[in-house]
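Multiple structures follow.
Each of the next two complexes has chain A plus one more chain, namely chain B in the first and chain C in the second.
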Partner chain A sequence: MVEFLNIFIGGLILGGIYALIAVGLSLQYGVARVLNISHGEFIMVGAFLTWAMYTFWGLNPLASLAIVGPAIFVVGFVLHRTLFTRLRTSSASPAAYEGGSLIATFGLMFIIQNLAIITWGTDIEAYSFLNTGVSIFGARFAANRLTMLLFAAGICVVFYLFLARTRLGKAIRAAAQDPETAGMMGVNIKRVLALCFGLGALMAGLAGSLLSMCYPIRTTMGLEYTIIAIIVVVLGGMGSIVGSFIGGLILGMVGSIVLYIDPSLSLVAYYFIFILLLLVRPTGILGK
Partner chain B sequence: MLEVNNINTFYGKAQALFDLSLRVEESEIFALIGSNGAGKTTLLNTISGLVTPASGNIEFLGKRINGLAPHIIVEMGISHVPEGGRIFNEMTVRENLEMGAYSSHAWKIRWGTLQQVYEIFPVLKEREKQLARTLSGGEHQMLAMGRGLMSRPKLCILDEPSYGLAPKYVEEVFRIINSLREQGITILLIEQNVRHTLETADRACVLENGHIVLDDICDNLLQSDHVRKAYLGL
Partner chain C sequence: MNSVASIVLNRSFQLGLLAVILIALATLPLHYQGYNIVRLLNIFMFVVLTVSWVIFSGSTGYMSLASAAFFGVGIYTSALLGDKLPIAVVVGIGALVSSCVAFLVGALTLRLRGIYFAIFTFGLVELIKHLTLWWEINMEDRRGRLVVYVENDIIFWVMLSILVATLLTAYFIRRSKWGLALQSIGENEEAAAHMGINVTLVKVITFAVSALFVGASGAIIATRWTYIDPGIAFNPLYSFMPVLMAIFGGMGRLLGPVIGAIAFTYLKEELGTEFPELYMLIFGIILIVAILYMPNGLVGLIQRLWIRGFRRQDADT
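And then the complex of A and B:
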């Protein structure tokens, strides 16, 4: 029972953060049509900002969410309004834009990572926050990991309600299905696409902040998370936000089981699932 | 109300519209007739801002609208119901209608407009919680037209509203077009059903290879040898 709880809650913890990361990427790829290879770099920047503010100013990492989120949102929004909007309007076709923007995000990945290395170096950094054990029916978890799960799940739920209930949320869903028609309904499509890219970056940044509370961080950590996010988005179904959420939880569970058997095999297991999925159901769980 | 002056529109390098001009007067039904590829849809897309003309200008209620983004043109009072409806399949019927009222002035009064649209299309009220992709072809088109009305347009552009519909729905579409005109909404219409269209509309023009070849009141067009031979099969 305790072992089961260990694996199950461990899976939720991992899955919650994977879901948050993948929902962000899904928003950028499913709506804004940018397969953002630099997604993990936004996670890394979020993590380092939180670490720096905690280490140098003593700012509570949970409070730093309120600074990191908006700051990274603005960076994402401005990047889209400048770089990606320009690429989109100058591309001959949507396919050419997807290719061009992919290359651009590769460039962004190198730029962001190298700026971070110049600023923070390449050492592994960590800090101790809420590092006490909490017992759930005999299974023990660090309080910071449970806090991370709570926040990741909370952010996903709030975002889901935003998409389902609000005027802007509906505009995002409409733009995801048919941007041209959404424009004909009165949606300012340039603004909504930039908003989606910004929100995707915001989720990456928040995920990074939460991750830094639990795990050691380094400036080269980004790519691994980008790969996980891409696997989850494909697993859940391209363009489906709910699918990304479910996909994240599934991959988290898998990760938790593999971690229990042999920690060094988790990325191998993810790739295995990815390949299996492409063979059996390439459209993903909720894909069409 | 709508004045199109000497526009030239290109798709890539191919020219689709040549020095094209037309006027739509307030509260009339104006139809565009022409075969596939004549440039009808391109003309409508140019008016609603999806395509920018290379030259010429378009005025709506005395204001120049060419070069403006589609979301601004809707706000000014032009609603475009595109070919095939292009409804949002993964949203409910109700959400599709709400999207139609996205412009800020329409959004404030959307509940009132929604009741009016439900009166015109009772089937949409019955289906309001269903996902749009579960609708039949006829209901699908009703939703597209209803969504187009949600922005409270002064001018409603309809691109082949009866295309692919069963005869009873075709009748319904024309009945609704007439009732919209009675409410004071100006209609710009493309239809493949030429006889029915010329009997319903006030004026029409015939578009061939991106040029307007005839522009007249419908009674005259019904008598024209060219129209009778090329479009009515007489």
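And then the complex of A and C:
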């Protein structure tokens, strides 16, 4: 029973953070049509900002969420308004835009990662926050991991409500289905797409802040998270936000089970699932 | 000016120039020693990687990120067989094994379209990397292995031959019916199939052929590195770089990817050893500028300026 709980809650913790990361990417790819290879770099920047504010100013990592989130949102929004909007309007076809923006995000990845390396170096950094054990029916977990799960789940739920209940959320869903028609119906497409890209970056930044409370961080860790995000998005079905959420939980559970059996196999298992999935059902669980 | 241009555009002049350059390159190790040779070696390697990427992906539009997988397979062939067989044979085996892997992958996955193919091929690199790592740690209780030592001059000549073979193959594919078939697949795959092109066959075989050179260059460069592990051999940068170099150079002409690879590798050699971060940073910036302002790459830009120059002359006369 304790072992089961260990695996199950461990899976939820991993799954929660994977879901948060993937929802961000799903928003950027599903709506803004940018398969953002630099997604993981936004995670890394979020993590390092939180770490820096905690170690140099003693700022509570949970409080820094309120600084990191908006700051990264602005960066994402501006990037889309300048770089990606220009690319979109000058591309001959949607397919050409997808290819071009993919290459541009490779460029972004190199720029952000190497600016971070120049600023923070390549050492592994970590800090201790809420590092006490909490017992759940005999299974023990660090308080910071449970906090991370709580916040990740909370952010996902708030975002889902925003998407489902507000006018702006409706505009985003319309733009995801058919940007041109949505534009004709009076949706300000340029703003909505930039908003989606910004929100995706925001979620990456928040995920990074949360991750830094629990795991050691490095300036070169971005790509790994980008890959996990892509796996989850494909698993859930490209463009489906709910799919990404479910995909995140599934991958988290798988990760937790494999970690229990043989920790060194967890990445192998991810890629194996991923490749099998692409061969059998490339549209994912909830894909069209 | 016009007479100069006509000489430059003359085919036999171009071929002659190419022959002179090749002979000069081939005799280079006789005059120079040490670092300059190594530097050229890296440039050759990236030209091979980039041009073989363009052979398949440039014309068909399938963006492959599998180069690192083929490259790494070549590297591991060299690490496993390097001390047992003569180096030329090892390079040949590396090429063939890579090509077989590409054939299998192609047969399995070329029905995936667009971004899915790119993601799949990238996942493949990571899967092979982590499987090898797991195997080495758990089954052999070690990490990485040593590669047999080969003299720099020999590495240089082998790499140069691979380079020439790659360029020749790319050139002849471009001029052949096969190349036309690839082009029509890139423009409209369904229409190509209706015209009677065996689309799957053409794609899979071209993919396998392009992997030959990647595997061979991996097998020979491994001997220069002397120590390799899965992280070095299957480094995803070897998948990304050729794509980015080709796009920077421009894929409309064979010269484009070659120039792109030379320019970036030269920059890397100048900055890379002392300021690797700065190199990658500049690389990223150039990439974004290129994608925004040079949709047809450097060669496309030069061509446009060239044509504009001619028009002005015509207007003058």
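Here is the rule we go by: the second predicted complex is superposed on the first by the 288 of 288 C-alpha atoms of A that agree within 3 Å, B and C clash if a C-alpha of one lies under 4 Å from a C-alpha of the other, contacts with A are read in each partner's own complex, and residues count from 1 in each chain.
Criterion: a residue touches a chain if its C-beta (ideal position, glycine included) is under 8 Å from a C-beta of that chain, and two chains touch if they have at least 3 such contacts.
On a predicted model such as this, the values are computed, not experimentally measured, just so you know.
K.L.:
Decide which partner touches more residues of chain A, taking chain B and chain C as the two options.
P.N.:
C
K.L.:
Identify the partner contact of A:182: answer first if only chain B is touched, second if only chain C is, both if each is, neither if none is.
P.N.:
First partner only, chain B.
K.L.:
For A:276 in the superposed arrangement: first (chain B), second (chain C), both or neither?
P.N.:
So A:276 meets neither chain B nor chain C here.
K.L.:
Considering only the touch criterion stated at the top, classify A:124 as touching first (chain B), second (chain C), both, or neither.
P.N.:
neither
K.L.:
Taking the superposition as given, does A:150 touch the first partner, chain B, the second, chain C, both, or neither?
P.N.:
In the superposed model, A:150 contacts neither chain B nor chain C.
K.L.:
Which partner does A:173 contact after superposing on A: first (chain B), second (chain C), both, neither?
P.N.:
first
K.L.:
Once the two structures are fitted together, what part of chain A is touched by chain B and by chain C alike?
P.N.:
On chain A, the chain B and chain C contacts do not overlap at all.
K.L.:
Sort out for me which residues of chain A touch chain B in the complex.
P.N.:
For this pair, the touching residues of chain A are 167, 170-171, 173-174, 177-178, 180-190.
K.L.:
Could you please specify the touching residues of chain C with respect to chain A in the complex?
P.N.:
63, 108-109, 112, 114-116, 118-120, 122-124, 126-127, 130-131, 133-134, 137-138, 236, 240, 243-244, 247, 277-278, 280-281, 283-288, 291-292, 295
K.L.:
Which of the residues in chain A come into contact with chain C in the complex?
P.N.:
35, 83, 86-87, 90, 95, 98-100, 102-104, 106-111, 113-115, 117-118, 223, 227, 230-231, 234, 264-265, 267-268, 271-272, 274-275, 278-279, 282
K.L.:
Going by the contact rule at the top, pick out the chain B residues touching chain A in the complex.
P.N.:
48, 50, 69-71, 74-75, 80, 82, 86, 88-91, 95, 98-100, 102-103, 106-107, 147, 151
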